[in-house]
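Naming follows writing order (A, B, C and D), and every chain is counted from residue 1.
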Amino acid sequence: MVLELKAPEEPTVTALLPLVPTFLSYILSFIFVGIYWNNHHHLFQAVEQVDGRILWANLHLLFWLSLTPFVTAWMGANNFAAWPVALYGVDLLLAGVAYFILVRTLLARHGEDSVLASAVNRDFKGKISVVIYATAVPLAFVSTWLAGGLYVLVAIIWLIPDRRIEDRLNP
Amino acid sequence: MVLELKAPEEPTVTALLPLVPTFLSYILSFIFVGIYWNNHHHLFQAVEQVDGRILWANLHLLFWLSLTPFVTAWMGANNFAAWPVALYGVDLLLAGVAYFILVRTLLARHGEDSVLASAVNRDFKGKISVVIYATAVPLAFVSTWLAGGLYVLVAIIWLIPDRRIEDRLNP
Amino acid sequence: MVLELKAPEEPTVTALLPLVPTFLSYILSFIFVGIYWNNHHHLFQAVEQVDGRILWANLHLLFWLSLTPFVTAWMGANNFAAWPVALYGVDLLLAGVAYFILVRTLLARHGEDSVLASAVNRDFKGKISVVIYATAVPLAFVSTWLAGGLYVLVAIIWLIPDRRIEDRLNP
Amino acid sequence: MVLELKAPEEPTVTALLPLVPTFLSYILSFIFVGIYWNNHHHLFQAVEQVDGRILWANLHLLFWLSLTPFVTAWMGANNFAAWPVALYGVDLLLAGVAYFILVRTLLARHGEDSVLASAVNRDFKGKISVVIYATAVPLAFVSTWLAGGLYVLVAIIWLIPDRRIEDRLNP
């Protein structure tokens, strides 16, 4: 994740102001890519076997993450307008689906009794994220604030340590 | 492989449309680089010894892959015109040849009885890819659709799990 | 850390001159990123356990470091004007704070008696860096030379081998 | 090493022609960075201990290598004019000196009897490269062909397997 911000040619705070939406988009994207980075680290520590199917599932996730700088820049450059906010959500949604597929592919290879299976558990956060993204995308055309708020909600769900949120939501 | 797409300044679907050819080129290139990534992973798991010759064969492959963003961008920016489509194929062809050389260099070092030799087997896909690329490049000046179709065919050959296609083509 | 310098279109020394401030900024930033790279290497050699908290503390540091090319380019393009010099210091300051948090997070996980705890020791340099940055940022509006000099001072503190400076400052 | 070539907007061979000097510069730089990559791989396989001094010597080498895309682009964009060709050589020279320092730093740490010391041997190629670069830089103002030829000569020296050239030059 690289910040694609052209440095303004004037050394004033005013010259920085138009970059604020892009900077906010960047923070959000940095957190989302960070979530995948962390989950990926967690996941692959329990991985014992890798085959072609797993490598492709992994590249599939990487593909949607590689689009993040583009959708981030479009959303930032257009001040969180409806279409860019929706497309940003579509990218998050497809990355979320790709992560879901990656987890299933890993489970299929490692079996129900593996360390991996117990580490992944029910992957509650992964599933709820996909549901929230799918809800947020159409809502972008009603209110970009609502859609953006739902993206932030997903980020918060992941930033809260596992036990607390799972205990609260699955008593 | 990085998507070199400048975010449009207008938040409309119409503003995205001119980027579609570049996006399609990007998907194709992502898959090709992914194929090399996966094969490389597969190959180097069986590698036991590395010498200068192998490092250079590897860098030679990397060189042609490093040109992928350029040929991808040229093909996308010019809506799949003949010359860019041909040059794209030339790059794929030379990457394919470089991969072939890398495999031979590794085999020369590891010997006929090594784990590597049995892992590589006859490298059927590698050879057929080079033949298809060599056919597709001149065909780009007859029909860019035909050339493009052959590039996609190579991608499909690699995406199908090994056993199935090898069984079908080498009964 | 990548030098974002557009090559001038004229092959003369005169054409290079306007790039000198950006080049100087780049050298400074390269050293700062190098300091974190080295410290990070030193730190993670003693790390035995990694959890979500540590991964996020690490990403937090990475976030501020990822802004370095932007603040470097802004400072260089504006010939070390007050606001860019101050913002550059803010980024260094926040990276310094993030490093401090990362060290605390690692210590909390590894305990007082760990190899890590003895390797980190009192993290004197980390603390003094944050203090100097916090002093330098407001001073940028008084004298950019003074602020820049303090940034260079921090770099020097880190470049001097540990024992010498610690012995001198903590007799 | 990334090819910083903007894809031309016209799908013709004519549109590619102005990029040829940049492409040739890129090939040369790719080989030089490849030489360091390979030597580095060779060198660090024999490294047993790493300290701050070694990390900084390594970063120092990385610094000059990080300038390669800039000097490559300048030389390519100006059709191998004298100043860019000279500056290109200065960067190669300083990278060569940095490599020399890195080798000495590693030797100082590992001792005369280490595996590293016998792997490095007399580092003949490293020394002769620095001498050739230092000769080529001023010659760029006499003849850019001569300077360029000497750069290519260094590349060839490194591409020839070790034993052959060392046997020939040190009988």
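Observations on the structure shown:
Convention: contacts are C-beta pairs under 8 Å (C-beta built on N, C-alpha and C of every residue); 3 or more make two chains touch, one makes a residue touch a chain.
Predicted model, so just to flag it, every value in this text is computed and none were measured.
Copies chain A and chain B of the same sequence differ in orientation by 90 degrees, per CA superposition (steps of 5).
Although chain C and chain D carry the same sequence, what matters here is overlap: shared residue numbers make up under half of all numbers found at their interface. When every chain is reduced to the mean of its CA atoms, the largest separation from chain A belongs to D.
In whole angstrom, the spacing between the mean C-alpha positions of chain B and chain D is 28. Chain centres here are Cα averages; for chain B and chain C they lie 40 Å apart. For chain D, no residue reaches two or more other chains under the stated contact definition. Because contacts link each chain to exactly two others and close back on themselves, their graph is best described as a ring. Of all possible chain pairs, the ones that touch are A-B, A-C, B-D, C-D.
In the complex of the two chains, the chain A residues touching chain B come out as 50, 52-53, 55-56, 59, 63, 66-67, 69-70, 73-74, 76-78, 81-84, 87. Residue ranges of chain A in contact with chain C, taken from their complex: 1-3, 5, 7-13, 16, 27, 30, 34, 37-38, 41-42, 159, 161-162.
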